[in-house]
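Chain nomenclature is as follows: A, B, C, D, E and F, assigned in order of appearance, with residue numbering initiated at 1 for each chain independently.
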Amino acid sequence: MQTHKAKRVEITIENVMESRLTDALRKAGVTGYSVLPVLGGSGRSGAWDRAGQVSRAQGMVQVVCIIKPERLDALLDAAFAVVERHIGVVSIVDCDVLRAERF
Amino acid sequence: MSEFLSLAGQNLLSPIILSFVLGLLASLARSDLNIPEAVAKGMSIYLLFAIGFKGGASVASYGLDARLGFTLLAGVVLSALLPVIAFGLLQVMTKMSRLDAAAVAAHYGSISIVTFVAATSVLEGRGIPSEGYMVAVAAAMEAPAILSALWLISRGGGADSKGMDSTLMREIMLNGSIVLLVGAFAIGWITGEQGLKEISSFIVNPFKGVLCLFLLDMGLVAGRGLRGGGGILTRGVLAFGVVMPLVGSLFGLGAGLMLGLSSGGVALMMVLSASASYIAVPAAMRVALPEANPSLYLTLSLGVTFPFNLTIGIPLYVGIAMALTGG
Amino acid sequence: MSEFLSLAGQNLLSPIILSFVLGLLASLARSDLNIPEAVAKGMSIYLLFAIGFKGGASVASYGLDARLGFTLLAGVVLSALLPVIAFGLLQVMTKMSRLDAAAVAAHYGSISIVTFVAATSVLEGRGIPSEGYMVAVAAAMEAPAILSALWLISRGGGADSKGMDSTLMREIMLNGSIVLLVGAFAIGWITGEQGLKEISSFIVNPFKGVLCLFLLDMGLVAGRGLRGGGGILTRGVLAFGVVMPLVGSLFGLGAGLMLGLSSGGVALMMVLSASASYIAVPAAMRVALPEANPSLYLTLSLGVTFPFNLTIGIPLYVGIAMALTGG
Amino acid sequence: MSEFLSLAGQNLLSPIILSFVLGLLASLARSDLNIPEAVAKGMSIYLLFAIGFKGGASVASYGLDARLGFTLLAGVVLSALLPVIAFGLLQVMTKMSRLDAAAVAAHYGSISIVTFVAATSVLEGRGIPSEGYMVAVAAAMEAPAILSALWLISRGGGADSKGMDSTLMREIMLNGSIVLLVGAFAIGWITGEQGLKEISSFIVNPFKGVLCLFLLDMGLVAGRGLRGGGGILTRGVLAFGVVMPLVGSLFGLGAGLMLGLSSGGVALMMVLSASASYIAVPAAMRVALPEANPSLYLTLSLGVTFPFNLTIGIPLYVGIAMALTGG
Amino acid sequence: MQTHKAKRVEITIENVMESRLTDALRKAGVTGYSVLPVLGGSGRSGAWDRAGQVSRAQGMVQVVCIIKPERLDALLDAAFAVVERHIGVVSIVDCDVLRAERF
Amino acid sequence: MQTHKAKRVEITIENVMESRLTDALRKAGVTGYSVLPVLGGSGRSGAWDRAGQVSRAQGMVQVVCIIKPERLDALLDAAFAVVERHIGVVSIVDCDVLRAERF
């Protein structure tokens, strides 16, 4: 089956920043993304888990974007501007996709 | 005094407080007892809807007090003023950075609606009436404290703060709990006694039971916070978490007396001023002051001040309000 | 007329409608107020179980009408027929593609159980009795419309449709809400008055309050739909969303009168025919007609027809049914 | 006998059992009806809190029986003993590996709290009183069976078992349902009649209705288990799932009579001994005996023994207890 | 630690298609997969989020399959036949796995 | 934008083992991880889904760790010791990350 090279970017970020991130992505020309829930985790700012939340102040989500390789830099610039001062993680993986016209 | 003690004792041994204590103990003992996030959120929606609706229906029944406008205004002023006092106290009592101090201060100007709900339930249990519009005052006190805290920071050189943008402003003013509280208040007001009758077997009868389960969850969360963030509580920080609500309650008392509220109204004004936010403000702080340490303000607000108000604060404030208003 | 206006006014100012309006406004104002998916689903399970059970228990009490069979049959026929009429109207009133028109048409043949529940609650509030088996009729009307719409498409050259396979057929006939409604109806019927008494403080007393919170959520969802899909609503499409329920209600009225149902029964038959599905049919359309535009049918059904029926439709249908049956 | 048959018939046609049957049929027919995990968990928290609280409040009202200590002790002994008997029976009746047999045996020493709740509700329906502290006995019987089963395995050469470590021990002893049950029992005891009055419209009135919906979910889950794991049920295994509860109930009967419990108490002791765990024990088995086949013990416990006890077991045990205690 | 080459395929697809996809995968000889929830997202057919759902018509899930490289084509053919006319995204990543006998 | 090589390890494991795994990871010097929910799946031990759970005995979660390549072996050893006798899947992907000082 015909596949095409692409990049898969996964950004783990606080709930409260989600809409700010996706707005920035959209402005940077990202045409698609999915948001996955995160139940808990641990990092430099300590451990947390969703069961411990009364407020939505602490939860995180994972935003996944699959994009054409040539758009990676624009995306990373946009993402970095949002996550810069916040906790969170950005990782990039090489992938192949079906139906490249969608990206 | 003996009346206060008996009230305090009665309060401590109510199902509501004991449920909180159960949650606290369970999570300190690291039991895996937990209430699913969706269920906790569902219960908080229920509580906000019910308390708002009942407040509105009571305004519809007893008519609007001319004092409503002034009381709302007083609430806004208190919410904006208390962070400044809290900030000052924090700089005296603790070694917190200005940034952390401002973030903590914002929480103490704003309010905890569960503390308010618990106080209403104590008043009801003792048959002490209060102004129905106090729930509107509660809503009005949620946000000003945030602006006040951001102003404190920007004054000291704005580099720390991302400041306030219009998105954040909308998020704060239209946050779910404010909208639900005010909306339910309006519905209760419009539909009045008839509306209340239609749904009272949903929002009145089971109310206290739901509050028990909700406080069980609050206990679990507070316990987890203390387990994780307890190390952060130096003696000064801990003292602040107990002193600040007392200071706040005095301001509330002053305002309530000046406004000429009923005994119940004065007590609620004290409770609002004494309580610290743990929903709206933490979320706003994560956006506006991302470098401030969240476990500091969450542990203080939820792990120290909330239990203090729930167990000792509320009966104390009610006792004082009764004594000074001759209620 | 004046009776209708007073009924409409009373309806508009009930906690139920106002809760819906609150949700609608909150989401149009982009508040972050939201009810967790699991809680909304839990409430819909509660409502289906309660309405089914009460219907069954009422059949157990008042005996089975000889008309049940005919009424079920009439429901099936209406559900299959109305999509054809809707399809025709859409081709006249809008520029929709045949595919989109068929998908929309399917929704209007099927029913919205919440609209039905709201209507029952209006009838109860006014003390108008209705046939308990109407909930079974509601269940019977869910699916035939889907087959009818797929037939409309296949007639015009099947390339567009993935058609119906046995898996989809099973999914439609055994979808959760049909099974729960029919199952609870059966349980209510079998256990009768005694069963109802045992659990009435769960399924009867708090019913209206739960309905308020559920409609709050429906308002939130409808508002989000309008915000996202509002652009899709050309004047013709919007007009269809209001005209079609009126047309449907006339067919329901005809059927109800011919069957000789009670005033309440006629009103409910009108409501079922006038209402549009937003659960079972959209899911089936995603599988069977994946190229049809979901925001078109969801916005129409949830954002236009549902609010129309809830606010204006129900009191209108009840008023007409009362007038024509002399109820 | 005829009394038992009438009781059994009445039981079979109660909303509670029929709700379970509805769930079972829906999932066997592969309907997509399902109750969100969070809602199911919320209902189980409600049931545990309510049953614990009511037990405690009843102890507060009727005073503490001198028998409490002995009854708790009997519960612990039964919980530890029954796995040994189950293990023996499994080796005779089935071809299970020692590992699987031990894992299954652990479930039958421990208890199913929903079976207990359903039995309480049958007793209440018939006006048969029972000792309030039986909920504490239920809690005490959850864990010992696990230790007993691990001992059975380690005896036969410990290679199979990861054995018990302190983390697992804490997880078992402080698992959420034990903590909530015991905690709510304590709260009910402390706050007594007054506490019960305050929240009875939450924990008493709607109780049976919630139980219906919860059993609907249990039916759905049991049906899914049977669909997936049904192949595993050889004739011997199936027979064990029916024989073991009967054997267990006899031990419970003996203990209850020796302790001199009331008719209701004896019946509950039989129910506890007859029922098999499906929450605490499976989780512990996944940690301690990961190679044991979970679909074996889950299908047996939830798909065979639970429905058996619910439909036939409970009326049988109640009938026997009544007959032998002359209650 | 000994690792083995494998492919990680992630298919984001509508709820209503989940069982159709997993049935097709099983028929194509895929021995294992996991299903992860998706909270929301955006693409050519617009933005959606789970909070906006009364019906299950719009939600999506992510099906993750880790497979031996030689099985990739069979999997993609099967997946493509299901997603072809539906919205959704298929991406493939090279990965290493422990315990290769499981795939 | 400056990126750095890293490894992304995804471990799908039973709920009941989650805290045991994260404890082991922390002991092995892993400084951060996130936990994602899994709704259902299928493998050698059969199919399961979250809707079918009364007990938490069967559910799974996915633990994701992004780490410096030189730490991979320590992590895998730790993870393997926990999952060894349990059902579950471990996969490793090469990735790039922003803000390498965080890992």
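For this structure, a couple of remarks:
Here is the rule we use: a residue touches a chain if its C-beta (ideal position, glycine included) is under 8 Å from a C-beta of that chain, and two chains touch if they have at least 3 such contacts.
It should be emphasised that the depicted structure is a prediction, and the values quoted were computed from it without experimental measurement.
The chains in contact with chain C and with chain F alike are D, E.
Here the chain-to-chain distance from chain B to chain E, counted in touching steps, is 2.
Farthest chain from chain F (centres taken as the mean of C-alpha atoms): C. Superposition of chain E on chain F using C-alpha atoms only gives a rotation of 120 degrees, nearest 5. Rounded to whole angstrom, the centroid-to-centroid distance between chain B and chain D, based on C-alpha atoms, equals 41 Å. We define each chain's centre as the mean of its Cα atoms; on that basis chain A and chain F are separated by 18 Å.
We define each chain's centre as the mean of its Cα atoms; on that basis chain C and chain E are separated by 34 Å. Among all residues of chain D, those that touch two or more other chains are 34-39, 42, 201, 205-206.
Annotation for chain A: residues touching 2 or more other chains are 36-37, 93-94. Screening every pair of chains for touch gives A-B, A-E, A-F, B-C, B-D, C-D, C-E, D-F, E-F. Residues of chain E touching chain F in their complex: 1, 3, 6, 8, 22, 26, 31-37, 61, 66, 93-99, 102. Those residues of chain C that touch chain B in the complex are listed here as 13-15, 18-19, 22, 25-26, 29-39, 42, 125, 201, 205-210, 212-213, 216. Chain A contributes residues 12, 36-44, 49, 60, 62, 73, 76-77, 79-80, 83, 89-94 to its touches with chain F in the complex. Contacts from chain D toward chain F in the complex involve residues 34-37, 40, 44, 162, 167, 217-218, 220-221, 224-225, 228-229, 278-280, 282-283, 285-287, 290-291, 294-295, 298, 302. Across the interface of their complex, chain B is touched by residues 36-39, 41-42, 45-46, 49, 53, 170-171, 174-176, 179-180, 183-184, 186-187, 190-191, 195, 198-199, 201-203, 205-206 of chain D.
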